[in-house]
Amino acid sequence: MRLRVDNVTKEFGGVRAVSELSFTVEPGRVHSIIGPNGAGKTTLFNIITGVYTPTQGRIWLGDDDITALPPAARAARGIARTFQNLQIFFNMTALENVMVGRHLHAPRRILPSMFHMPGIKRANREARERAAELMRKVGLARFIGADADSMPYGALKRLEIARALATEPKILLLDEPAAGLNPKETLEIDELIQKIAQSGITVVLVEHNMKLVMGVSDHILVLDYGRRLAEGTAAEVRNNPDVIRAYLGVGAVAGAA
Amino acid sequence: MGDRAQKSLFDLSVARKVQGTAKHSPHAPLSATEAAPGGDGAVRTVGAWLFSARTGGVLLLAAIVAILPLFLPNKFYFDVAIKTALHAIVCVGLNLLIGYAGQISLGHAGFFALGGYASAILTARFGWPGLVAMLAGAVGVGVLAFLVARPILRLKGHYLAMATLGLGIIISIIINREIPLTGGPDGMSVPALWVGPWRLTGPITWYWISGVTLVLAVWLALNLVESPMGRALRALHGSEVAAETTGIDVTRYKVLVFVVSAVFASIAGSLFAHAERFMTPVEAGFLRSIEFVTMVVLGGMASIFGSVVGAAILTALPQVLAVFHDFKHLALGAILIAVMIFMPKGLVPTLAALWRRRVG
Amino acid sequence: MAEFLQFLLSGITVGAIYALVGLGFSIIYNASHVINFAQGEFVMLGGMGTVFLMAAGLPLIVAMPLAICVVVAVGLILEKLAVEPARDATVVTLIIITIGASIFIRGAVEVTLGKDFHRLPGFSGDEPILIGGAALQRQSLWIIGALIVVVAGLKWFFDHTRLGKAVLATSHNRIAAQLVGIEVRTILLVSFGLSAGLGALAGILTAPITLTKYDIGIMLGLKGFAAAILGGLGSGFGAVAGGIVLGVIEAMAAGYVSSAYKDAVAFVIILGVLFFMPSGLFGAKGAERV
């Protein structure tokens, strides 16, 4: 499904974090959004997922205007995300974190839950198995029995991805999945993103690691001060003089190439 | 705000999970799937079933409830046991709200008292059958909780504390002032509970009624905790924004758990009214609400069995401390502070963790 | 009209007390994000302390500062022994700790000073002043005067002293404050001492009007908390405004509607305000950062 950001503005007090921004994410692609610190990338994610309401503008998913939908309803329509500042359920085990991702696919009425009806039993088993499978898929097999708060940072980043995947999203928003990771872990995330994209999920990626971005993206949007600075394929963006000046710097371009 | 989701040990089941070996716990990930085939697997599964918090814990609690009367020397002790069980029911419900969903309430004594007075007034003044009155009280309290939950639970932290506290105090003031109906500060006596032809009175009868109801309440709560809904509650405690974006309708679940905990309190209050045959506004007071929260926290947040332990200690302790007469409050305050400083996770999770370290 | 004036005057008096108690909540909340449920106990201690010091033969002028000093010491001890060790605990844990402290203090007073009501003489006599047909207690003037002095004093303290500025800085950003060398622990101590002193002052000033007893701190504390919440937690101006508003509405409701439900009024207002303004009248709003 196509995700369309339509003339969106978000102001905090006097600060315009996102400014009259429009773009479209085509289905099945890896669509990256890059830009310097404070460019408004995370704010944009928060608007797309319904965490913030935009000051102005609309968000479209397919033919539907989802601007007024709360986050949970957007998740139900297939939008999932991870967070730049980890939002792990630290009061749960790693596996349970991912099981929460199955929420939308499980029965959740109060009386059957309290009386532990067979449907609940089945849902628990299903969620447990799917979650374990996803944890293996993102490379967290050895943390299946662990408490979330005993896990290292890099593993938590992947745990968020597993949780997001558990919702069976059509569009997955990743906010700096490689931040703070070492080169080896970054490479693994790189592969994981490609695997996810291959499975047909649209990926919207915010990331500062240019090598990663240039490698996996079908399409790149460059933001600066909440506005669109440039847009195109990796090659187009890389050679755009505005981008080089405003953000990448000559060295970074050379390094990424 | 310092309200980082604390690492909470969800009852004994999780405590075992952390051991790394999944074999004792059916909730641990792969015991069901990976250890399934073979005779060993079958033994493990039965073992797992028995040792799980849900089944094993409930059985253990039932056993304690069954055996305890042998050690209760007289009516006074039965009375303490009855109060303990009824307080524990409130705390089990309250723990769903505070410990699991992470929403504080400083007004639950209000719901407890509303249940009690509903039973008292409907049976004494209007001649309703006891069970019908109890049900009406529970439904009424549930509806009230539902109506106030949405605006109240939008609030966070101290604002939520203030709102629930205010609600509890308003209830308590109404009970104090509506003298024709409630008897005011002097309280009112409550008729015995009739169920069909049986008139339920006496400490032993009420011991069994409250004991069985407690076991049932614990079982229901544990079931809820171990369901997708229960995970949703814990998730919104851990990170509200992550819960939302994972598809959890956070408001709906907060409202739901608030209503559930209020109904638990209401039913416990109704039973209390009939067991004690008397209701006073003290039961609705701010200090009573605080006591309930303290029981939950003392026993252990997000530990259903902890709530039972907390209720037992704080119900029995004042009786024991009554020996010291005037020093009761002094001691209670000191104990509260000490436990919170030295065992902020509460007794049961702290002891469970110690036990795990000892065992391996 | 005289009636209205009467209600207004007593409302402002009571409101000024709530404001003083509410200020205590705000100061501690600002410095530590702790809600000190023992704040009401400071108020009780101030009144009871003065009563007993005077009973021991000291004149008011000596007993009052001495009682305040004692209560400040209690506040410092509370911070040091109960709050400091649990600095990193959750909100709920801290709430329970301060509640434990309040039960403890109440229990201690119950044991040592007893459960009776006590009364202080009015500072400048008990003859009311008549204004437009309404009677104004002389003590009210002391209370309102004290509130004005306290607010001015606090303003001066926060704006012009090193320590005051450090407290403010800590409340805005604890880590940044630490980085510039502010000793956060000292700040916490200062805030508890200050709040305890304010509470004690409120307790002494009100004792001639409302009497004092070992358990008066519960309701006064809750009303003060309500005042602080109404004004928006952490806002000093808000606490004062919230207190006065609460006191006046309460007096009006008691006078014109039902005195039986006087105590409920504050909480009904609080619920109403929170339903529509989740951060109080003057509290900071803002999107939570993710």
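To keep things simple, chains are lettered A, B and C as they appear, and every chain counts its residues starting from 1.
Here is the rule we go by: contacts are C-beta pairs under 8 Å (C-beta built on N, C-alpha and C of every residue); 3 or more make two chains touch, one makes a residue touch a chain.
Worth saying up front: this structure is predicted, and the values here are computed from it rather than measured.
Chemist: Let me check something: if the centre of a chain is the mean of its CA atoms, which chain is farthest from chain C?
Modeler: A
Chemist: By C-alpha centroids, what is the most central chain here?
Modeler: Chain closest to the assembly's C-alpha mean: B.
Chemist: So, what's the distance in Å between the C-alpha centres of chain C and chain B?
Modeler: Roughly 33 Å, centre to centre.
Chemist: For chain A versus chain B, what separation do you get between their C-alpha means, in angstrom?
Modeler: The computed centroid separation for chain A versus chain B comes out at 39 Å.
Chemist: Would you mind pulling out the distance in Å between where the CA atoms of chain A average out and where those of chain C do?
Modeler: Here the centre of chain C sits 47 Å away from the centre of chain A.
Chemist: Counting only residues that touch at least two other chains, what does the list for chain A look like?
Modeler: Those would be 51, 83, 87.
Chemist: Could you check chain B for residues that touch two or more other chains and list them?
Modeler: Those would be 4, 6, 241.
Chemist: Check each residue of chain C and list the ones that touch at least two other chains.
Modeler: Those would be 290.
Chemist: Within the complex, which stretch of chain B touches chain A?
Modeler: Chain B residues touching chain A: 4-8, 10, 14, 17-18, 20, 22, 28-30, 32-33, 54, 220-221, 223-224, 226-232, 234-235, 237-239, 241-250, 256, 260, 302.
Chemist: Flag every residue of chain C that touches chain B in the complex, lowest number first.
Modeler: Contact set of chain C toward chain B: 29, 33, 35, 81-82, 85-86, 88-97, 99-108, 110-111, 218, 222, 225-226, 229, 233, 260-261, 263-264, 267-268, 270-271, 274-275, 278-280, 288, 290.
Chemist: Touching residues of chain B toward chain C in the complex: what are they?
Modeler: Touching chain C from chain B are residues 1-4, 6, 98, 104, 148, 151-152, 154-159, 161-163, 165-167, 169-170, 173-174, 177, 241, 286-287, 290, 293-294, 297, 301, 326-337, 340-341, 344.
Chemist: Using the touch rule from the top, collect the residues of chain A that touch chain B in their complex.
Modeler: 49-51, 70-72, 74-76, 79-81, 83, 87-93, 95-96, 99-104, 106-108, 110, 113-116, 120, 123-125, 127-129, 131-132, 144-147, 149, 160, 163-164, 167
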